[in-house]
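Listed after this line are the structures, all set down as structure tokens.
Shared between the two complexes below is subunit A, which has subunit B as its partner in the first and subunit C in the second.
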Partner chain A sequence: MTAQLETPAPPDAPPRTPHRVPLWANPRVGLVVLLIALVVLFSVLRPAFLNTRLTLTPLQSDISVYLVVGLAQLSVLSLGHMNMAVGRMAATSAFTMGLVHDKLGAGLVLSLIAGLAVGALLGALAGLIISRTGVNSFVVTLAMDFALAGLITILYSGVTGGVAFPAMPAGMSELRSDTFADYCIGDVCGPRVPLVVPFAILAALLVGLLFRLSRLGREILMTGANQRAAELSGIPTKDRIVQAHAVSGLLAALGGFLLAANNGAFSASLGDSFLLPSFLAPVLGGTLLAGGAVSVLGTVLGAALTQVIYKGLNLLQFQLDRLQLYIGLVLLAALSLDRARHVLAERRGNRA
Partner chain B sequence: MTLTATQRSTLPGRHLWQAPEFTLAVIAVAGFAALAVATGGNLLSAGTLGAFFRFLAVPIVIGLSQMVVLAVGQMNLSVGALTGFCAMAAAWLMLEAGLPAPLAVLAALLLGLLVGVTNGFLVVLTRINGFIVTLATMTIIQGLRYGVNGPDTFQGYSPGLRAFGRASILGLPAVFLVALAVAALVALFFSRTVPGRHLLASGGSPFAARLSGISNDRSLIVAHGLSGLLAGVAAVLTVAASGSVNATIGDDLLLPSFAAPIIGGVALTGGMVSVTGTLLAAFLVRLVDVMQAQFGINPRWVDLIIGAVVLGAVLLGTVRSKLQERSD
Partner chain C sequence: MKRIPLALVAVLGLVTTAGCTKKADNDEAAAAGKKPADVRIALIPGGAHPYFQPWKTTAATAKTDFTLGDVTFNETSGWDQTKQNDVVKSLAAQGYNAFGIFGVAPENINSTFEDLKRQGFPVASLASCPAGDVDKADFCLSTDVEQAAYKAAKAAIDAIGGSGTLAHLTGNKVDSNTQRRIAGVEKAVAETGGKVTIVQVVTDIDTDLQTAQKAVADLLAAKGSQISAIVNTAYNPAVAAAEGVAQAKLPIKVIAIDDDKTILDGIKDGSVAGTVLQNPVGQALVGSYALMRLSGGCTMAQPGVEVDSGSFVVTKANVANYETDRQAKTGELRKDFDSKYLVCQ
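And then the complex of A and B:
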């Protein structure tokens, strides 16, 4: 599914002839080529990269988590906003899940729903502050990040006396360790795909549908492209800002849940590592920080690319410093290539 | 004083108490007095007061480092990592390469400048948002910072530099005075020099700046370069004041680097800086830190309070400007 969206032209503008972008200039094609090249490179250097049980299955779990986290950031990038509190929203939601299970004895589904609700509420709160005061989203969510970081540790030490809940709802350990290969109907078993993957695919599909087909999603994009124009067209932009941030909080909570499932614990440090990858996946995938356009498929590819790089460099047993160095360099190279391709495509377009 | 390219804040008819910094100054003085009373005068004893100002130096400089890029409407996520990298490089030069302290200090400053200018060139050449570019360079610099000495700590470098870090002049720590001097230079840069005015003009309205013959590209490179240089200054102050450095230096500087200018009233959209506001905000944050240490509060409450203060300060600023618009 290609879920790239462009700002709809204003209704009264003359219909523009669709600008044909050559195939090689499509950023998503470039990402696919880069992804394949890296997988081939890592497989040649370390054949263990293709080992299903040791590498590919955990890799899918990682991609799932960071895809959902990337989508959380994408929901507000659609407005031209940022969510700096994406990690702490995830941690606060995970705390709620643990709390609801630990104190009320709720099961997996109920805990998940409670956590998602808290995430959505936190996001809506951020959106409410941003839309009512007009303060920059970066500042509001940064302050929220500070506040939640303090709150989470206090809550954990107050409720559990430590930094993690001792018990997980039933079913979490299966989410962590099982793949579909463990479930058979007769002789037919599923592929070696971790159980967390469908969550991420479902989230990506829903976000894609939201921004491509639903009125709400289109209006959010309009708000991001030009808030004043959207306001004048009768779109309740303040509500759309609140809703987009609520979606972001909800997805952050889901990302926190998936990471907790992968790690096997609801802990206070959950989500500490979310902030940078949350930007990498959408931005590598071609979503701008300016707002008004999103690319869900690009985010999927961006998340896959970052995790493949991490996994591959890990397998090559790079030291921590080298790992960071090369990730940064690959990142800069990917972004610059994308830019160069864009410029080239524009020049071609002008000449034609 | 808030500085913009068009200098609206110095129009006649504005009183001192209307300046946004005035509120901050009142809060800072009141907070300091309250803390002094609450600790039974302990805060005013020479040792405590010295420590208070000594560890205020780096937050001030790092806040200014972020402020300079905010002036052109950019962000620099690599300030913390760069400070750590320059500090590690300076310590390595003194201990492993055997350079005398002054040369190592100079090298650390140059290194900061160089990395900053590189950031600027990357932003200009790739046309990618500075937030993303510095996100990538931050990762690279973190790797380099770790690469200098791995997980090990550098200590026992130049006694002269250490003595400077502990020295006091007229009861105030020398490193704090250096930070103040740097702040004064930055203020002069923005208020009196041509490149400084160009920076503000580019930040305020790139289009208008270009029509006036100002190179926005040059402004971006100057801003990022200056930001890197200030990160280098912060690194030197860290090396002098702390006595030992390792690869975690700078990890806790990124968020405070934003907190100081934002509480101080600097707009993220660019075109406006406030050196006094940034100084006062860094002072306030330090006040919260000391309060935590004095009363043995869970350090986590500090994050909560700073988060609330940042938001409160920004909300207050919005309310103020709305009220002022109404009264104008």
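And then the complex of A and C:
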């Protein structure tokens, strides 16, 4: 699902043949090919890669978390902005979820809603500061990240006397350990898909629909492509900035919830490792850092690709130095191949 | 394209709704009664850190001494619980069937232990116990960090003659082990009845040596003249404090942790008052031994028991022969596992 703004042709212009990108030049197709190639390669080198219980099931849980985190970043990349506080927003929201459960005895759903609301509010606050002051989103969210890092420590030590809540709402443990294969109607059981996966699918679907079909999404993209032009077209760009950041905060909160479910606690260090993967998934998938174009399907593939690389290299049991080297090399190769394909497609397009 | 995921979500949603039943947890426990040659142990620290380097050599020793199938050392977790979980599962998929783990996040690690136990793998929590009162691993073999910090603070208080001021340099504040260390130092200080006070607790400086060096330089510049002793309960701050105080030529007593060469040299030349040693070799060796016995069919007399792997105060008086004490403690631990902690048919 790719959403991109196109300049409409003037009404009296002769109909123009749309510039068709050949299938092989579509970055999503490239990612799918690369993903399949890597899965085949890792499966041949290490048959354990196809172990359902120990490899494929946890892999789906990891992809779900990093997909949602990637979508959180994608929401502001659509504006050409960044959310450097994506991890701390997740941690603050997770704190709220833990607090609501621990102090008010709220169940899973209520805790989740409270956490998502706090995430959206934090995002909206970042958007508000950016849109009203005109300060770069990088600076605002970086400052917010520092502030939240301190706040989280103070909040946890004040409320829990430690760094995590002692208990999780009922159902979190099942979200972590169960798959649909554990639930049966008569003799028919579900697939071995972890329970956290539908959360990520739903998030991807809603974000895709937002940018593809809704007016709000199109206006956010237009603001990202050219804020001045968007303003002159009557789009309330400042509001759109606030809304895009609120969506980012909300998704960061959901990412935090899924990670807490996977790891087993609402803790202060949750989300520490979100920042780089949050950029990696959308950028690998073709979302522009400059704004104006996003690709949700690409983000799904980008998140899957990075987790497959990590899982495969883990199975090959490289030591730390080599692991980091190869992760870097594989990602560089993936990005370079994508760029080469893009350039080649452009040249052929020009010749035609 | 949009309909397919919608339909999928709807189907998945339906499966979770009422009317479906949850299947009994039937993940087969890994068969007990394994011969040592069938036991493949993975020793997994939270990430790369000098403290764990003895585990690497001990892994090879354990493999030979106990004629195990394999003992691997994997430090690629990068101090990230999610990555560590991934490393653990990858090693399990590769056929490793017993795990000695230093959990990145003590507050989360019980979930990882629970997953492994559910699949029937023996699990040891090594060098750090889970936060809270429950330990889902078979056992925890670790330095009692609160006790070690208490010993370090007592040594510092002794070194300054029972009155003065302390600074405490330690690791990541959002780590429950750091909280325990802070509590240990506070306990020793409280016992002085006000004669000793803590002027500053500096946290989050164990990431690397450079960060620790900068923090020590700042501390000495700001409060160097007010501090009587520095208690270190993390590795990098200890090395940085030993170097920093020696360079600044301040009359501050430094109590370090572990046995980096800088620290041992400092003890020998008098610039470091003492250090508190832990027992990483004992943790890896005795941990591997107990995991082998558990794989062979033994059970824990008290599942989740916490065993102190020992901490040793080393000063100029005993710097030459501390290794003997440590080896004796390791031997004693192994005997304790045979006689007290393990139940074997």
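Note that in this section the second predicted complex is superposed on the first by the 335 of 352 C-alpha atoms of A that agree within 3 Å, B and C clash if a C-alpha of one lies under 4 Å from a C-alpha of the other, contacts with A are read in each partner's own complex, and residues count from 1 in each chain.
Assume a residue touches a chain if its C-beta (ideal position, glycine included) is under 8 Å from a C-beta of that chain, and two chains touch if they have at least 3 such contacts.
For clarity, every value in this text was computed on a predicted model and none was experimentally measured.
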**Message:** If we overlay the two complexes on their shared chain A, which of subunit B and subunit C does A:T133 touch? Say first, second, both or neither.
**Reply:** first
**Request:** Return first, second, both or neither, reflecting whether A:L323 touches subunit B, subunit C, both chains, or no partner chain.
**Result:** both
**Item:** Which superposed partner A:R347 touches (first subunit B, second subunit C, both, neither)
**Value:** neither
**Request:** Check the residue A:A265 against both partner chains and state whether it touches subunit B (first), subunit C (second), both, or neither.
**Result:** second
**Message:** Once chain A of both complexes is superposed, is A:F279 in touch with subunit B (first), subunit C (second), both, or neither?
**Reply:** first
**Asked** For A:A143, is the partner it touches subunit B (first), subunit C (second), both, or none of the two (neither)?
**Response** first
**Request:** In the overlay, answer first, second, both or neither for which of subunit B and subunit C A:T153 touches.
**Result:** both
**Fill in**
Counting residues of subunit A touched by each of subunit B and subunit C, the higher count belongs to C
**Asked** Once the complexes are superposed, what residues of subunit A are shared between the subunit B interface and the subunit C interface?
**Response** 153, 319-320, 323
**Message:** Under the stated contact criterion, what part of subunit A meets subunit B in this complex?
**Reply:** 129, 133-136, 138-140, 142-151, 153-154, 157, 276, 279-280, 283, 289, 319-329, 331-332, 335-336, 339
**Message:** For the complex, give me every residue of subunit A touching subunit C.
**Reply:** 1, 46, 48-49, 51, 53-55, 58, 62, 65, 152-153, 156, 162-164, 166, 176-178, 180-185, 189-190, 193, 195, 197-198, 201-202, 204-205, 208-209, 259, 262-265, 267-269, 272-273, 310-311, 314-315, 317-320, 323
**Asked** Which residues of subunit B touch subunit A in the complex?
**Response** 75, 122, 126-129, 131-133, 135-147, 150, 255, 258-259, 262, 268-269, 298, 300-308, 310-311, 314-315, 318
**Message:** Help me check something: in the complex, which residues belonging to subunit C touch subunit A?
**Reply:** 1-2, 5-6, 8-9, 12-13, 15-16, 19-23, 25, 27, 48, 72, 74-76, 78, 80-83, 85-87, 89-95, 105, 107-108, 110-112, 114-115, 118-119, 131-132, 172-176, 179
